[in-house]
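Chain IDs A, B, C, D, E and F follow the sequence of writing; residue 1 opens each chain.
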């Protein structure tokens, strides 16, 4: 059995940059599990359930991709997979890299779980969930940066405020 | 008509590092518009009006510099200028650079607005508004780091607490 | 009289990475003063008194190391030492370095106090107090990352919640 | 009279990444002077004259762009321009930035000449003259990375070897 | 059929840091191909054949690892593999990362080949072939940094000089 | 007996940035040994003897500073000092830091020798021996960047060519 790629993130909300990584992982690895994580230290715009629902719609065309929600240690999720699993993360910038390498070394120490980094496509190197939310809140147009159903959800959430 | 340099920032409060960039921009570009921005995600020490007033006093000797306050997308302010405008930002460190390049690429994508970076003078490379506030709050002497009227305003604000 | 190394930090809680730096400083410098700082901008898990107590226990085997708590400007603490004192800090990553060099240049300007950086041992390059707390909160095993008495204190604090 | 943008480089050979910066500079500044520099410390694939000729062909459609060759201190070229001139450079990566900021501070100290940095378009963030030459030498296809006449010149030069 | 990991490098000579990455790749991927590359721009201490021989001896205990020598474009080697192949590289520092991400984006553009990065084990973060050679040339002891047969080969080569 | 600071470098030639570090080290540590190193991989402008002579003249006013030349492993020089010695290095930029931390970790592993980093004064953050030589070769004025006797030596050397 092949390697499972575990793609973790907050996905608040999923962007076209995330989908670029998930799509390339789905072509590279036999199975991809996208794990939307509860992040207790950050106030999310969308609930974990909403984030999972948006991810599921965005990934519906990729047959080897499963979306799950997860609370706990990522290495526990990795160990609970059938067969071998590695964490797969997209990387943009140097600051990203330093934090991520620290997490990767901790996860390796805690449970021997490997992390593989895929460089973000240059096209999306400027994109992040928080920048998308900031632009949307200030009335900017985020079409082309997130899937259409995510853009609608952003508009709806901002109108509620 | 020449190029307008749009210098955005929170300026909470303006420091001698900011003024170094604004002064060099005023010598390089025909017109400079300093835009103090509302930053909803950060708790400011000074109100937007106070920050604009301190900036106006600090820039009063530079005839081609205007100070405005702004709420919204920076690219909208850039597009509302007569003639061509580019965002002009001072740059200190690598982490600065990465965040700023991300914003610059987003602003280019949203509205074709260019961002030009000027390296901070080495003399002020260690200076930031937040470090000035931290030092002042702990009783340190910030004279020489901010204009005198800003230092007085800092002292007054800290005494009120 | 030799040079006093002043090792400042939040130490919330002290980790084996901190102790690696403190231990190497105690072998390099005549005297080491470990200063646990009040950090008004961060919500600590342990009180300043608890952090000092954990540090004292962890450093009890090093005869030239003193632990103190401190509120105020670090340069004032440096100047209050008998003889010469320099700030000594461990360094992990690039982002660390940039923030720390900014602080070092400010401290040099404020009071002529020098800062000396020691590179973190590769073995602990992934370790930080916040990562230890995050892992412990999610139920991960942090033994080997912090001294045993700190691990017990972490467990107790998390059970109280 | 408006500001002249001085775009220096080795251009051995010019790539589509360089042309992206030159094109955006020509839309931002009144006048652009592209300066191909003799670089005594690097062995070039093309002579200075060949590099200038390729640049001239590539920039022929931009009416406010002039191409010159230059041997000497860049600040002397900046000072020899009619009216005000600033150095304008594209920036890709962090290592770029550090070297470039060092040069910019030196040029400011030597002659008060400012340097303005434009972030490279994400699309070309991976592109450099040396990488293009490396790929071409190994038989890779560089069409789309350099203008057609540069690709032909590369092929011709490599066949001569 | 599972994914083939292609581990390229100059390996002049192979170090324990390289072997840590190759070993972890062999546990993560179904098949590993280690490719020793001709590097025309660097003067090697060992010939390509010597470097391959040292690699073969060092990897002899890993049954799913093959060692090959290669001259040409890495993406051509990737495409010549049966089944899917991705480039797998160890990463140490930020400067590494920037160069490597540039290569990865070029290889993706040239042939759609993905690059996966594995963070170097903290234990070997300071290790490189060039540093090993520098230490050995100055008479330092490199045992524990390279396999024993590599240390012997280094000693022999240095004695010949 | 206090700690000896060992300040290594190529010093080809010594700059005011080097002297800032050496001067601050001489005020911080009991004894300073400046070690001019033979660097076999770089072609120097000045011989090791010339570099030592320029250093000796530049450091003549600092009574606790000794200048030596050295060929070999730096850790051997550190171990040959009476009493304790640590390597002390100035640090400018991120790329510096990464290379230097690698060297520091190697030196710690080879012989338990510590390295202490002092941040370069902002005033000299743009300065390096190679940039000084580049500017001088192109006819730029380097007074204020190096001591006067070094400027004379540079002029003489360049005239010989």
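Assume a contact is a pair of C-beta atoms (placed from the backbone, for glycine too) under 8 Å apart; a residue touches a chain by one contact, two chains touch by 3 or more.
Because the structure is predicted, anything quoted here is derived from the model rather than measured.
Number of steps on the shortest path from chain A to chain E, with steps defined by chain touch: 1.
When the interfaces A-D and D-E are ranked by how many C-beta pairs touch across them, D-E comes first. Farthest chain from chain B (centres taken as the mean of C-alpha atoms): E.
The distance from the centre of chain A to the centre of chain B, with each centre set as the mean of the Cα atoms, comes to 34 Å.
Per-chain CA centroids place chain A at a distance of 47 Å from chain F. In chain E, the residues touching two or more other chains are 94-95, 98, 101, 104-105, 122, 125-126. A list of each chain pair in contact follows: A-B, A-C, A-D, A-E, B-C, B-D, B-F, C-E, C-F, D-E, D-F, E-F.
Across the complex, chain B meets chain C through its residues 92-95, 125-128, 131, 135, 137-141.
For chain B in complex with chain A, the touching residues are 40, 72-73, 75, 94-95, 98, 101-106, 109-110.
Looking at the complex, you find that chain D touches chain B at residues 2-3, 24, 28-30, 84, 86, 88, 91, 94, 97-98, 101, 104-105, 108, 114-119, 121-122.
On the chain C side of its complex with chain E, the touching residues are 94, 122-126.
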